[in-house]
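In structure tokens below, several structures.
Same chain, two partners: chain A is paired with chain B first, then with chain C.
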Partner chain A sequence: MKKWTEAQARAANITDYEQFNKEYNAHKGTINGGIDRSMLPQDTIAKGYVVDKAFHKVHVNEYNEFPSSTSQYYDTGSATGAKEVRGLSYSTYSGGYIEILSQEYTDLKDGMVQIEFSAHLKLDVTFSVAAGGNHNKGAKIALEWNGVQLLETFYFTQPIQTIRVTAHTFTAGGTNTLKVKALCSPKGTTDWLHKSQMHFYNMRTMIIGRWR
Partner chain B sequence: MKNTTQDIRKLAGLYERQPQPTNAATELVNWTVDKYTGGWDSRIGYERYNVVATSTFTPFAALPRIDSLCVFNKHQGAQQNILFTSYGSLYHLYEAGATMALKVIDAQRNIPTKNELPTTYAPYGQWVIITNGYDKPIKYMGWPVHKSAVTFRPPKFELGWHTVPSPPEPWGVETDPTATTSNTQAVCIFFPSNITYPVGLGSRVNTEVNEYKWRVSFINNTGSESPLSDASATIDWVTANTNTHAAYIEIPRGPDGTVARRLYRTKNFSTDGGAVPSLFYFVKDINNNFETSVYDSVPDASLGSEAPGITESITFPATRTRFSAVYKDCLFIEGGADNDTMVFYSKPTKPDQFTATAFLELGNRQTGGITGFYPYFNFLLVFRENGIDAITGDFPNFTVVPVSTDVGTRATNTVTNVPGLGVLFLASDGVYRIRSNMEYSDSPGIEKLTSHITKTTDRINPDCLAKACAVYSPKWNEWHCYFPADGNSLPTLGLVYHAEKKAFSLRENFPVSCVSRNYVGDIFFGHNEGASAGANEQAGLFVLSRRRALGESVVGDNLVDNSAPTSTYRSPWHDMGDETIKKSVHYVYLYVLTQGDNSISLGYYKDFGYTRTTSSGKKLQRADHLDQSVYGTAILTAGSMQPWEEPFVTAIRYPIAQGSCSHFQFEIETTNDLVLVGYAIEFTASGTRMIQGKTI
Partner chain C sequence: MSDIDNSNFDRNTKLDPATLNTKFTDVQTATAGALNGDNIRNSGVDVYNLDTTNTDGKVGTVLKWAQMATIGTGGAGLTVNFEAGATGLNGVSVGSDMTVNPAGTPAGVQLKTGDILRVYWTVDVDKGWTAPNDNVQYEFWALWLQWHLSSYGAGLFLPVPGQGDYDTNLPFLYGNQPEDNYAASFIQHATIISDSTSAINNAPAAAVMGATAESYIGGDINVRTTVSGCYHYVVEPAYNNLYLEALRVVAGGLLTTYYDAVANKNYIVVDHVQTSTPLLKVYDATISMLLMEPD
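The block that comes next holds the complex of A and B.
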């Protein structure tokens, strides 16, 4: 903020240090703390002056597939037929939300963060059509930021599709954790026990943190 | 004979009645309160706003009087927008460019007459509402504006809706997809019956008739919805091949500031459809103000809620409103000079949207027209020429109750909240305050604060009271009120209330036309004459500061400080306890802070007489000690605290030689720096009584 005279040293006045300090404080404060748009001429600060990541930060992470061959949800007995996928089956999954990825960020500041998750989702919907409504298959995605659920999608129901979910939230500085969870329909009476039911390929998260 | 000393340690403020308290001042001009001693401090002045300018008052050099001023802060002061009017133009002081510049937001505006209120401003969230009683009210965002290198496009919009959208124009529905008709005003977009989910307009039963109408409204950047358009022409068709259809509709674009259009439609109101033709339902928002057409395929069963009634949004009810205020999230406006007992209020958080029934008629012509608004506790105070009302309640059930039918004001720009004191305002006969929360306090009321300074308040020119302005500054802890005095049409005299001392003083030779402050409390004012006084005269915005100058003057190629304001302190008439006994005053001791070698002289009077006797000037150094270092001769001593000094409280003795008197008074008139903490008067009461009164 611009400063006007806080104290004026006049000829023949005593060399009053308090008055001097007042004016000094105002002048120096203008330089140190008062940088606003009324003080800074246009284009004074170019991009080169701004420290990297001063205003925003972007993270893009890739995770391959879920479940991986080492996951507890990976059914080594699945995919017995030709051209079938091996992965999560009803022998390893009994329902409810399961964590499909977790990512920790340690360099965020206070501000807003945009979170995006994308993947290709394959579902086994063999019995969705033929075996009645209670066999309909689908998968839901939920995003959690520091344990707080930000969103829960509707059911994705197509046998294979690209999904992209985004959320926007306020975040504190320090370490923050993103978790992506997924839920698959529970086993119906006619479902196979050892066929891959829900599989994520090319999982990718992106966060854009913006702070001021 | 032993001398007696009358000691005055705590100086009070201006007091023009007789008899006076012993610590009062008969005259107190151009002082502020010294925060260390509580005494009166002469170290004030003003300087130009643009401290960077060196040779002229750029960018204001050509501006005549500044009529009104608004400092509109956002982001905790980081975004400060200064708006002001001068000679019919509304300016934004553009400070983000390489050099400070003036940008015209609105030109060809009304220039207020000598007794008219200037433009007023009411911050409303990110907006400031600008009204002047003649031109269309403006809502202004302040920022962002385009860079100065390109055309300046201020974020300025009309307040309220001034037109009703023209009705949408639906094209007809062509039911034959193979038709090669030359009718260009019909389209065929159909949904065959093997699409099982509901889509499209009309019945799927062949030969049934389908009839529809649409309305449209605009949504603007405050979320306000415009009045509904008239209904469109009816389109109708007969269902063929069990198809439903999408309709193609041309829609109007809204005025500047429109961000979306909202489409409403009837359900099928043909004899076959059976819906009510006057009932419209939400179809969709078109989230831009660009597209001129839209397809509507929303089936009747999927329509949204019913359209708002035609009374829910009307065209702006008071295009000549003079002032506005925000209360309970609603924007309150008055009806304008020709409808000045009417108050309109917007929907909460939607300053552009007024319903047909959202108004209050205040009536009672005796108290006169509305002259201003001010939100206070749970009330919106409505100032009137001769009275004050209060609006209470919540939207939409506001009610108005009278607070006063005697005291009112036309000095709208003087209504100010002063912490610990209440709402202060200047009326034609002085300063009043509204104190305490009228709802809960056991001692609410209106109280005149200036009964003891009527010699000053009698100078108010009541005909031009609307030109008065006031501001409270937390930095100075002062309420500054400038008003036209002595028959002038513009503010010529300042009345300052020092909250710390609960005292008034005067400001003279501060050319204030309008006043405002920034978020830290720096007081800005617009010059009351500007370039009208001639080229190179002071013009534009100035800041009350500690600069010991009354602004600057152009001398050659430089701006140089004018002389410092003259500060005058005149003591009360002291009778030393008994005016009937003659006293001989020997000395006056001024308790001051040492200030250096600049001298202060003292004048004195006796028995209410005019004759001033002046003592020789005394420099503000301790009399019986070595002088403190002063600027100009002080020598820096390396490694020591020299030459820095601290002001000491000391007494400076002035000899008085005026014989005996009943009443004694002294006066200080100086442009030098002085902190007057108190004083003492040493006198001898000889026992001689005043002589008998004269006979004819």
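The block that comes next holds the complex of A and C.
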């Protein structure tokens, strides 16, 4: 492994600056444009040696609730007070995956990206999907990176739970988009029309882009 | 890409060993603060070149600190009782605190504005009560994260930014603002389901279920389960240069949701009226933290 050492120039070896510059520039030309691992000493590079985003970039974003009061899925007709949540109900949601957040990143480079999504998920599982004995209600989460689905969870079925889903994928440089989607069981015969069915509190995403 | 310059050596430069030796610091000059993604990625600067004299990777290039600890209550576990107080939760630590970098000088790890703090915890719990009761239909426990900073008095822990202690005096009950639950894990006490075969119910009011039409999921009571949580935080200027000295997880309950039409907000509030003496038991718990450079 090559190592940089300090040259101990001796007066007898130096004839003039032109000779020195000629030699030096030739030597420099082998380095410039390619300061690589073999040009740099061992155990030297700390954070102060590198410009920002040379190795990685972390983004943390918070979104609070889904649905927000301006969402098309927000039901303004649900009850108020203790034990209640105002949000998505079967009067605003009929089933299938819906987008609960979208985040664009513009400063990533090609490499790998680690994605984490966390939230508190509140579900109304009290009433059955179908009258009589069938009580399997729940919600699923899906992560998409640039429109490509990375994962789909199993059904979350507790009335409230804290969830975290994590994925890794390769990514291109430039603009990239993360979307989180969710699915809730469709309305059964005994479900309430105006009761919040699927509500996300304190949604947060963290991504770590790594290109080395 | 950082380049080596040669403009500082010309006809008037005296050629002697000292000058020449200074000249050979050009590489150092070119690399200090100037290595960018092209050098790192395309030219393969890697672990060999990093300042890894600690041999553990916690050198500040990407990772500044990482630590894991067991903080739970083994054996019979710790009983967290339902809090009947009308002024919010007090909460109890699930076991011990995680002391961060106690051998440091000074102890702890220094926070810098923009740093990324990541904390993950896993706690074994089970739940109990004296008798089944549908009061817990929408009720849950919380585990939440607190930290001790160098600016705090001895033994003082406060909730991390973005998290409250469920003791804020709201206009109707005590609890947290909706945006103050970013470092919590919620645990449903028991799932209440309806066995009803009644017709479609379109009413917007809360359900009043007949006693013969409801059940709770047996596996929710006296069955141990594992709960996890996480916290991601970009250090704000208010905490710049302070030392993070300890972390702990606190448990308390019961909580429920609350929609307030005046503020048009969905709150998390303390439900201090229960008749079935619900309790939470916590057992083994682990916590891990990472402090990272943001870029």
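Basically, the second predicted complex is superposed on the first by the 162 of 212 C-alpha atoms of A that agree within 3 Å, B and C clash if a C-alpha of one lies under 4 Å from a C-alpha of the other, contacts with A are read in each partner's own complex, and residues count from 1 in each chain.
One rule holds in what follows: contacts are C-beta pairs under 8 Å (C-beta built on N, C-alpha and C of every residue); 3 or more make two chains touch, one makes a residue touch a chain.
All values derive from a computational prediction rather than experimental measurement.
Contact with both chain B and chain C is seen for A:Phe20 once the two complexes are overlaid on the shared chain. Look at A:Glu144: by the touch rule set out above, it reaches neither chain B nor chain C.
Considering which of chain B and chain C touches more of chain A, the answer is C.
The intersection of chain A residues touching chain B with those touching chain C, taken from the two complexes, comprises 1, 4, 6-11, 14, 16-17, 20, 36-37, 40-43. Only residues 43, 45, 47, 51, 77-80, 95-99, 147-148, 518, 520, 522, 543, 545-548, 594-598, 621, 628-632, 634, 643-647, 672-673 of chain B touch chain A when the two sit together in their complex.
Against chain C, in their complex, chain A makes its touches with residues 1, 4, 6-11, 14, 16-17, 20-21, 24-25, 28, 31-37, 39-58, 60, 62, 64-65, 69, 77-87, 109, 111, 116, 118, 120, 122, 125-128, 131-133, 135, 157-162, 164, 189-195, 199, 201-202, 204, 206, 208, 211-212. Only residues 1-4, 6, 9-11, 13, 15-17, 20-21, 23-27, 30-37, 39-41, 43-46, 48-53, 59-62, 116, 118, 137-138, 140, 162, 172-173, 178-179, 181-182, 184-188, 191-207, 209, 227-230, 232-234, 256-261, 264, 266, 268-269, 271, 292-295 of chain C touch chain A when the two sit together in their complex. Residue ranges of chain A in contact with chain B, taken from their complex: 1-2, 4-18, 20, 22, 36-38, 40-43.
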